[in-house]
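Two complexes, one shared chain (subunit A), two partners (subunit B, subunit C).
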Partner chain A sequence: MKRLFSVALGILTAIGGFVDIGDLVTNAVVGSRFGLGLAWVVLVGVVGICVFAQMSGRVAAVSGRATFEIIRERLGPRAGLANLGASFLINLLTLTAEIGGVALALQLATSVDPLLWMPVAAFGVWIAVWRARFRLLENVTGLLGLTLIVFAVALFMLAPDWNALAGQALQRGTPQDEPVATYWFFAVALFGAAMTPYEVFFFSSGAIEERWTEKDLATSRLNVLVGFPLGGLLSIAIAGCAAVVLLPASIDVTSLSQVVLPVADAGGKVALAFAIVGILAATFGAALETTLSSGYTLAQYFGWSWGKFRRPAKAARFHLSMIICLFVAVAILATGVDPIVVTEFSVVFSAVALPLTYLPILIIANDREYMGDRVNGRGMNAIGTVYLVIILIAAIAAIPLLIITGGGA
Partner chain B sequence: MNDRRAIGRALDAHLHLLDRQVLDRDDVPVTTVDDLELVGIELGAAIDRDAAPPRVTAILTGSDLATRIFGGRPPPSRRVRIPWELVAEIGTAIRLGVAGDTLDATWAERWVSDHIIGRIPGGRHDPE
Partner chain C sequence: MSRSRRASARERPHAAVIVVTFAVAASLLTACTNPGAEFDRAVEQGSTAVETARLAVALERDGRTFASTTTTALEDARRELVDAASAVAETDAESPSDAALRADLLDALALGVTAVNEALDAMAGIGTLDAVEPALDEAEEALDALGAPGGTR
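Entry: the complex of A and B
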């Protein structure tokens, strides 16, 4: 019974934890422009994150080493440092976007200027990282994030023409009125949003925080394999809502109020309240994960003491670097830059950084010295390699597409 | 290799030692192996056919990371050494037989802990 409960809890947390500001904004933007025409990208991304998240969890549980310790060891100090620099900066950009997202969600709830909420959001994240237990953080934000199901409920309440939606989802190629490059630019952005690298840093370091052993792997695999696809369905529901309400009205998504507009349309104030709670929980949870990931990557590269299971004074440089990252994120936001724009850039650059994280994981998952007889099977390697090719293509195409399309304008 | 426990097991210094995580006896991370100190070998000199093999005498850390990436060599007085005698076990991490607090390699960690993190309220308590 207890085990059943823990599995159920894990799955629910994975669903709520899958969606972050990147998924929210990108899915709404894509839905408002292409309908469900890019829903297939979310499916591809979800399978990819399932494959690599459980792979990195298995590596951490079996070898006891987290992702960035392994990246440094396999790539050496120089390539490892280049990888750290890129991964860390993109993670910092994502952190900035998430803090901005928390502030925007609070603005939706209170009408107070987000600039005033940003330091509050960052302080809240810091207090949680400083004092709360790892498990507690994950469960509370994950469960509250489940209220995002209101997007799926709203989609049904809007009583859309399901045949038309299915038609959009199954349509081959680009819609008539959008250039091909724009279509692929948003495909790459959506892929980056679904597969953001911090999820892997967080997952593998979390496995060590919670002292997983090989026994826990079955539970974790179930959480990932059930929770993430359901989280992906939430993403598609967000795009679907935008497709039904925003696309016909040609409303561009430039702020969170447009993201939640369909929900308010369908379910009024109560539904809107649920959506705001969900967005707040999802962005706050992701802000915690990215803050921790910034500490994890630095500490693991340099070999510092890290982990939330230790007292802060016993992982001093780990905690200091997270505090500095939060200050930097607030400083970036204080320049008045639009958090939605930061989010859009963060998902594109995440796509660029994907191979840096995923290639070393695939290599180490085949290393018998680390994994003993728990190395990847043939099927897992086949899927992993296919994904590596997709990831590489997305990473190479991301910046040229960003420039050609002017950020999808 | 002068570690008695490693007898019968060939270790590649580059593959199994360099850039590997170093843990103290309580599994607290100390540092990463940034470089190794070898004795019995002269840089650039020809190696005598029957010369004794070089020995690893210490794990180096601190500024050795920077010099390994960017080149150059710090003066020996600047080196942060963990004598090889302290190594107890080599696996997917290198385990020392002593507490990390006693080592020079953890100086920066202790400084940040004593002067910044330990002074913030709650910094010395377990998470709740």
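Entry: the complex of A and C
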């Protein structure tokens, strides 16, 4: 019974933890401009993150070490540094976006300027990382993030023309009023949002925090293979709500306040309250994950003592690096930069950094020295390789598309 | 092949890359500063903001949102309108028709800002939301006229 509860909890937190500010904003932007025309990208992204998160969790459970630690050892300090540089910078950008997201969610509830909420949000993240137990962090934010299901409920309450939505989802090519480059820019952004690098590093380091062994592999696989796809459905529901309410009104999403308007339209104040709580939990949870991932990547590369299972005094550099990252994030936001713009850049640059994150994982998952008999099978390698090709194409195309489309303007 | 010829053969692709890079950069810069493109973008940005304000006000009047959420949506809409107006105001005209369009567009965006400000005032207890709808309609009509084919071109 206890095991069943643990599995259910893992799945629920995976659903709630899948959506972050990048998913929220990008899906709403895409829904308001393309309807469900890019829903296929979410499906591709979800399968990709399932493949690599599962691989990364298996590496951690079998070897008893976090993926990043092994990458440095297996591929050497130079390749490890390239991996660290790309992952860390993207992670920092994502952390900045998430802190901004928490502030914007608090603004929706209070109408107080987000600039005032940003330091409060960062302090809240720091105190949670410093004091709270790992499992508590994961479960509370994941379960509260589940209130985002209100987007799926809202979609049904809006009583859309399902045939029209299905038509958008199955439509080939771009809508007539949108340039082809813009369509592909958002496809890459959506893919980057679904496959954000921090998710795998957090998943792998979390496995060490929770002391996974080979016995936990089935639970881990279930969490990933059920939780993430259901999280992907939430993403599609967010795009769907925007497609039903905002697209016909010619409203292109540029702020978080627009993302929640369809929910209020469908379910009034009660639904809106659920949406705000969900956004707050999702962004706060992702801020915790990105903060921890910053510490994990640095500590694992430089060989520092790390982990929430150690007291802060026993992992001082790990905790200090996270505090510095939070300061940097708040400093970036204090310049007055729009958190939504930071979010849009973070998902695009995530796409650029994807090969440096996922190629090493594929290599290590095939190394018998670390994995023994638990190396990838042929099927997994075939899927992994196909995904690496997709990831490479997305990475190469991201910056030119960003410039050509003026950031999807 | 002599050494100098080999060297120039190696340099030729570099020169081609530089020329192509300059051409792409120049075309991108031209696109960025093209008044027509800038005006089109501003019309779209303004229309989106006005429609957002309309939706937020409608939901508020129906009692379907929190005042804090409506206020935030309206403030965001106002920021978009001000950004659009600022971008238009800073665009250099290339012809007398560009200059006239810029003036019309600034007027239309100002109507949008006024309407959204009226809504924000109403949220703060100054005036009522009933008066906001006609003001938003007027701003939308003005922007639509400029957004129609040939409007900003």
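We take it that the second predicted complex is superposed on the first by the 409 of 409 C-alpha atoms of A that agree within 3 Å, B and C clash if a C-alpha of one lies under 4 Å from a C-alpha of the other, contacts with A are read in each partner's own complex, and residues count from 1 in each chain.
Here is the rule we go by: contacts are C-beta pairs under 8 Å (C-beta built on N, C-alpha and C of every residue); 3 or more make two chains touch, one makes a residue touch a chain.
The structure displayed is predicted, hence computed values, not measured ones.
K.L.:
Aligned on subunit A, subunit B and subunit C: do they clash or fit?
P.N.:
fit
K.L.:
Where does A:Ser350 make contact in the superposed view: on subunit B (first), on subunit C (second), on both, or on neither?
P.N.:
In the superposition, A:Ser350 touches no partner, neither subunit B nor subunit C.
K.L.:
Any idea whether subunit B or subunit C touches more of subunit A?
P.N.:
B
K.L.:
One more residue to check, A:Ser220. First (subunit B), second (subunit C), both or neither?
P.N.:
So A:Ser220 meets neither subunit B nor subunit C here.
K.L.:
Let me test your reading of the model: by the given contact rule, A:Lys269 touches which partner, first (subunit B), second (subunit C), both or neither?
P.N.:
A:Lys269 sits against subunit C, while subunit B stays out of touch.
K.L.:
For A:Ser257, is the partner it touches subunit B (first), subunit C (second), both, or none of the two (neither)?
P.N.:
After superposing on A, A:Ser257 lies in contact with subunit C but is clear of subunit B.
K.L.:
Looking at A:Thr290, would you say it contacts subunit B, subunit C, both, or neither? Reply first, second, both or neither.
P.N.:
After superposition on chain A, A:Thr290 lies in contact with neither partner.
K.L.:
With the two complexes superposed on chain A, say which partner A:Asn83 touches: subunit B (first), subunit C (second), both, or neither.
P.N.:
In the superposition, A:Asn83 contacts neither subunit B nor subunit C.
K.L.:
Is A:Ala409 touching the first partner subunit B, the second partner subunit C, both, or neither of them?
P.N.:
second
K.L.:
Should A:Ala109 be classified as contacting the first partner (subunit B), the second (subunit C), both, or neither?
P.N.:
The second partner, subunit C, only.
K.L.:
Could you state the shortest Cα distance, in Å, between subunit B and subunit C after the structures are superposed?
P.N.:
In this superposition, no C-alpha atom of subunit B lies closer than 29 Å to one of subunit C.
K.L.:
Identify the overlap between the subunit B-contacting and the subunit C-contacting residues of subunit A.
P.N.:
No residue sits in both footprints.
K.L.:
Under the definition above, what is the set of subunit A residues touching subunit B in their complex?
P.N.:
Listed in rising order, the residues of subunit A that touch subunit B are 63-65, 69, 72-73, 76-78, 80-81, 130-134, 299-306, 308-314, 316-317, 319-320, 369-370.
K.L.:
Which residues of subunit B touch subunit A once you look at their complex with the stated criterion?
P.N.:
Listed in rising order, the residues of subunit B that touch subunit A are 18-22, 28-32, 34, 61, 65, 68-69, 92-93, 100, 108-110, 112-113, 116-118, 120, 122-128.
K.L.:
With touch defined as at the start, can you tell me which subunit C residues reach subunit A in the complex?
P.N.:
28, 32, 41, 44-45, 47-48, 51-52, 54-56, 59, 63-69, 71-73, 75-76, 80
K.L.:
Residue numbers of subunit A touching subunit C in their complex, please.
P.N.:
Checking each residue of subunit A against subunit C gives 107-111, 245, 249-252, 254-255, 257-258, 260-261, 264-265, 268-269, 272-273, 276, 403-404, 406, 409.
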